[in-house]
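Paired with chain B in one complex and with chain C in the other, chain A is shared by the two complexes that follow.
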Partner chain A sequence: MKGAFRWTFLLVLAAFFVIPMLAMARFAFQSVPVVLLTPETLLTGWSIQPILTIFSTPQALSAARVSVLLALFTISLNLVLLIPLAIVTEVKAPRMRPLLTALTLLPWVVPPIALVVGVAATFRTGAPWFLASVYSLVPFYALWAMPFTYRALDAGLQATGAKTLYEAARSMGASLPVIIFRVLLPNMTASIIAAAALTSAMVLGEFAFASLLLKETLPTFMVNFQRSDARAGLALALFVLVVTAISIGLVVRVLRKRGLNVQTTGI
Partner chain B sequence: MVAVDMERVGKAFGPSVALTDFTVHIASGELVCLLGPSGCGKTTALRILAGFETADSGTVHVAGESMSGVAVENRNFGMVFQDYSLFPNMTTRQNIDFGLRAHRVAPKERTDTIDRMLHITALEDQAEKYPHQMSGGQKQRVALARAIATRPRVLLLDEPLSALDAKVRESLREEIRHLQREIGVTTVFVTHDQQEALAIADRVGVMSKGRLEQIAAPKELYEQPTNAFVATFIGSINRVPGYAAAPSEWQVLDRQVRGTRGSVPGESAELGVRPEDLVLSIDDGPGQQGAEGTIGDISFLGAITRVTVQLSQGPRMIVDVMSAGTTHLSRHQRVRVCLSPEADHLVVMSDPQPVASGQVT
Partner chain C sequence: MIRVGADTRLSLMVAIPFFIFIGLFLIYPTVAIMTSALTPGDTFSLNGLQRALSGTYRQGFINSIALASTSALLGGILGMTLAVVLRSLERPRWLHSTLDSWSAVASQLGGVPLAFAFIAAIGTQGILTKLFSQLGVNINDFGISPTGFWGLVVVYLYFQIPLMFLVSLPAINGLRATWREAAAIMGASASRYWFRVGIPLLTPAALGGMLLLFVNSFAAYATAYVLNPGGALVPLQIRFLLQGNVISGEEDLGYAIVTWVIGLLLLSLFFLTFLQRRTLRWAQS
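Moving on, here comes the complex of A and B:
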């Protein structure tokens, strides 16, 4: 009885995720008129032409390049800012943790439109050049990804017992740089990788900020492209979805293989 | 010679006082256990000595040198933590090497020291293993090896055995004692396990509510506790009503004995009697010595058997008798409880009180 319930639940859950994707795949990759997409035509007319169309569009490649670079910059900025913050909080001021946990959630409380309008108004008067570059999205994304990143890093530090490791290393006479680079950072690998994976997944799928600031990133390109070629647009969306899922799967696999505890990383 | 002196050390965390007027002098090479219930301030005392916390008042001297302003990393103390705190990304060898590198020991000497440490802690076959590949006992041995590799001036152990199971705990505590004697390092060992403390320490300091209640050799602590807290915390004790019989003698269970403090004529007090200082005899009518009562429970504990007796006029008593002599005892049996002839010194559990008029003298 219990087993039957579990299987039913899993099947419903799978259907919830798989049916829309299957529908997407059929729409994108079957050159069959939409009205004829019935069970009988399931196996006819499949083609990878739509995705090839995308790859031959220079704009698609440049948008993808921009998004990947945005992801890399965002990850770097966030890690540079948040690793020291997480370490200092855990080791020196553990009582600050609840406050920081609440603070890092703030970006999710403020809607993107409010953030964009506020920041745009601030910079337009002082530094209008800031908003001209596509990379002005980096600070927005860094802020938006902060909750993931901070949580992943904090969970990693907690799981390794960073405070006692720090104290043990100090009692053995180690200096602060030695403690950070030889003890704390190597034991944070799992959470750093997890934070990076989550951040890049977020950046690669972010639409609101880019659209509001009129920047062309992969998601905004995708939406615009769908207007002119719906099939190719959906093919690209599906492609990005699958690539992201596979990359996160690979990250988890690598972490597991290295004996790192995936559950503590927030993935 | 590395003696440790903590003089009138005080520490509060916000409104809660962790340590009050804490004074302890530890001789060079001595092993002192700080023992007490959780929250009694023992770990705070250790962390102040280690340099992880700063005392609000008082002084700490090690080998005559004031520790005020000396950073943890410059004290050259070895420390072992309750949760091992081995570096998970390093093998046993690398864990031991960490402190040696921080102390800038030459490579050849480092290798020799690591090999020697692995040998004395019997960890040769674990040298290339990572912490997650070892058992709790092995991990704590690595932590110990790592702490003593740098020849620390003082070794600090913060409940090092409490995460281990009973068997490992017992053998490891012997190992710690053996190693400590061999290298002669002044050691402070914090624990809440009285057996552990009594078994390995030269002296045990019993703490309660941030105060050091008594510090003495284990035997003295057990036999001559200075107050009721120490008496009840160390071992089991019965509280028996008694009254002053002579200037320094107390009348209890039909006997006159000396107490840990003198008495005021007419004073009555509770006296602490250890379960092994009582004997049972079969109650066969009036005229016998001792207090009469009925056996409640009999629990067999190996060499001894613990018998609880409800006195007809008085509290419930715990009596420890040699198991060999218990065949004639059974539940609900009428017995008499007397002080054993060897018991000649009892703990007075209550403070002196002004004598009320009309009391029996």
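Moving on, here comes the complex of A and C:
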């Protein structure tokens, strides 16, 4: 391919990715109407007031707190469910692997917009108390985070040769808890960090499920907030974007440093 | 009494909570809707499934499939081209790591913030809308507004292109330089190499990637909802039915639509894993 074509292609794509973000930042932080926007007024009217508005809005802070707690609970639940399973599968029962790989694909088949209908049909009528709290979202978020959590843990175990480590520790007389906590888990830190960051990004962005079950999380709050205070709403969206970008960027760094073959795409 | 070995007991001990979890929160609600969809009014009938594909709901499926396929096709072509272009550029080195990280980030974006960003760019008060109108071009005439079909395609491309880049990168990097050299030695031009070797080898990976993009965008809800809540797309129609904006007794219609959605995604994922296996066969050798 010719050099000129390659660089034009890259530049056009770069513009496509950067311009919407700059446009959002401008609306959030510059109070000059688009009609009056000329080269002379381009640098006037900028302020960080919208960010301050967010931090002085109690509902914004409580929605953020809910989302952070949701992320923490989701990560914990997934780690509790999947770490033992991943270890046993790798060390003792490799026969379970294909089954697990297939099961972790299931959340792709049943996306939030489909599962929410099923949950409304079953839990809402059968066990309404269960859906009363906003934290009832945790098990469902855990489902959607499972594919990449399991894959990250599995990649970590395979990369460190968990089976050999297990047998070495065993032959030196280590008990099972010692093997898990002193040998295997310390080797899985990179995987756990990666899974945690990807899960946080997913939880901070999930809208369909929370919105249709009428729960106030950061994304659902954002939509209402933007209607009442357009600029602060955009600033909040930008803030969440930056946090997400940083956490995923961190994952890529950690994974590359450890040479782990984990797809952030979860498939 | 059957004697169970210690290993089996251990496997069961960790597998059972996992299966109970999946069963309760994923399988039970899913099977419940599918059963209700097949038995409207407590007797078996395909009426519900049929009605879910008629009238406005039929249009919803047509629009959603068109949107998902268009964004998958364009995103697939652009994302794969990006991977090919990047591979052919040795330098600058920072470009490789930057694009890699950025794609990981952008493929996960979407949702509410992305919709806001595009309203700011191509909405009626958007910067690009104004910029082009000063040049005498109304981009809405080309259907590019956040509420129109092409506008949604453009917005979806924001996460589709990076996703395709990420999933097609292993296949592109799997193309050996020696194959290209072998073709060149035997007198093949660059275009001949691509048409006879490169493209046929990459086809399963490309189709698999595009199917993933299709699945990824078909059920996308947040972006579409923020841009145009009343749009005739399947996820938005599901919301409409779920929020009880229907005559009572119509709940079954929602179940039937969801059953179709799950069927469609299941079929796509089935083909996807099939294509992935074909890709891996040579990418790993």
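Throughout what follows, the second predicted complex is superposed on the first by the 224 of 267 C-alpha atoms of A that agree within 3 Å, B and C clash if a C-alpha of one lies under 4 Å from a C-alpha of the other, contacts with A are read in each partner's own complex, and residues count from 1 in each chain.
Definition applied: contacts are C-beta pairs under 8 Å (C-beta built on N, C-alpha and C of every residue); 3 or more make two chains touch, one makes a residue touch a chain.
These numbers come from a predicted model, not from an experiment.
**Student:** State whether chain B and chain C clash or fit side by side on chain A once the two structures are superposed.
**Tutor:** fit
**Student:** Quick one: name whichever of chain B and chain C touches more residues of chain A.
**Tutor:** Between chain B and chain C, the winner on chain A residue contacts is C.
**Student:** So in the superposed three-chain picture, is A:208 touching just chain B, just chain C, both, or none of them (first/second/both/neither)?
**Tutor:** In the superposed model, A:208 contacts chain C only, not chain B.
**Student:** Identify the partner contact of A:245: answer first if only chain B is touched, second if only chain C is, both if each is, neither if none is.
**Tutor:** After superposition on chain A, A:245 lies in contact with chain C alone.
**Student:** Please work out whether A:152 is in contact with chain B alone, chain C alone, both, or neither, and reply first, second, both or neither.
**Tutor:** After superposition on chain A, A:152 lies in contact with neither partner.
**Student:** Which holds for A:196: it touches chain B only (first), chain C only (second), both, or neither?
**Tutor:** neither
**Student:** May I ask you to decide whether A:9 touches chain B, chain C, both, or neither, giving the answer as first, second, both or neither?
**Tutor:** In the superposition, A:9 touches chain C alone.
**Student:** Would you sort A:174 into first (chain B), second (chain C), both or neither based on which partner it touches?
**Tutor:** In the superposed model, A:174 contacts chain B only, not chain C.
**Student:** Quick check: superposed on A, how many Å separate the nearest Cα atoms of chain B and chain C?
**Tutor:** 10
**Student:** If I apply the document's touch criterion, which positions on chain A are contacted by chain B in one structure and by chain C in the other?
**Tutor:** none
**Student:** Residues of chain B touching chain A in their complex?
**Tutor:** Residues in contact with chain A: 50, 52, 71-79, 81, 83, 85, 87-89, 98-99, 102-103, 132, 146-147, 150, 156.
**Student:** For a test of understanding, state which residues of chain C touch chain A in their complex under the given definition.
**Tutor:** Going through chain C, the ones touching chain A are 7-8, 10-11, 14-15, 17-18, 21-22, 24-26, 28-30, 32-33, 36, 78, 81-82, 84-85, 88-89, 95, 97, 100-102, 104-114, 116-118, 120-121, 125-128, 130, 157-158, 161, 163, 166-167, 212, 215, 219, 221-222, 225-226, 235, 238-239, 242-243, 251, 254-255, 258, 261-262, 265-266, 269, 272-273.
**Student:** Where on chain A does chain B make contact in their complex?
**Tutor:** Within the complex, chain A touches chain B at residues 160-161, 164-165, 167-175, 178, 182-183, 186-187, 259.
**Student:** Using the touch definition up top, name the residues of chain A that touch chain C in the complex.
**Tutor:** 1, 6, 9-10, 13, 16-17, 19-24, 26-27, 33-35, 37, 81-82, 84-85, 87-88, 92-93, 96, 103, 105-123, 139-140, 142-143, 198, 201-202, 205-208, 211-212, 219, 222-223, 226, 233-234, 237-238, 240-241, 244-245, 248-249, 251-253, 256, 263-265, 267
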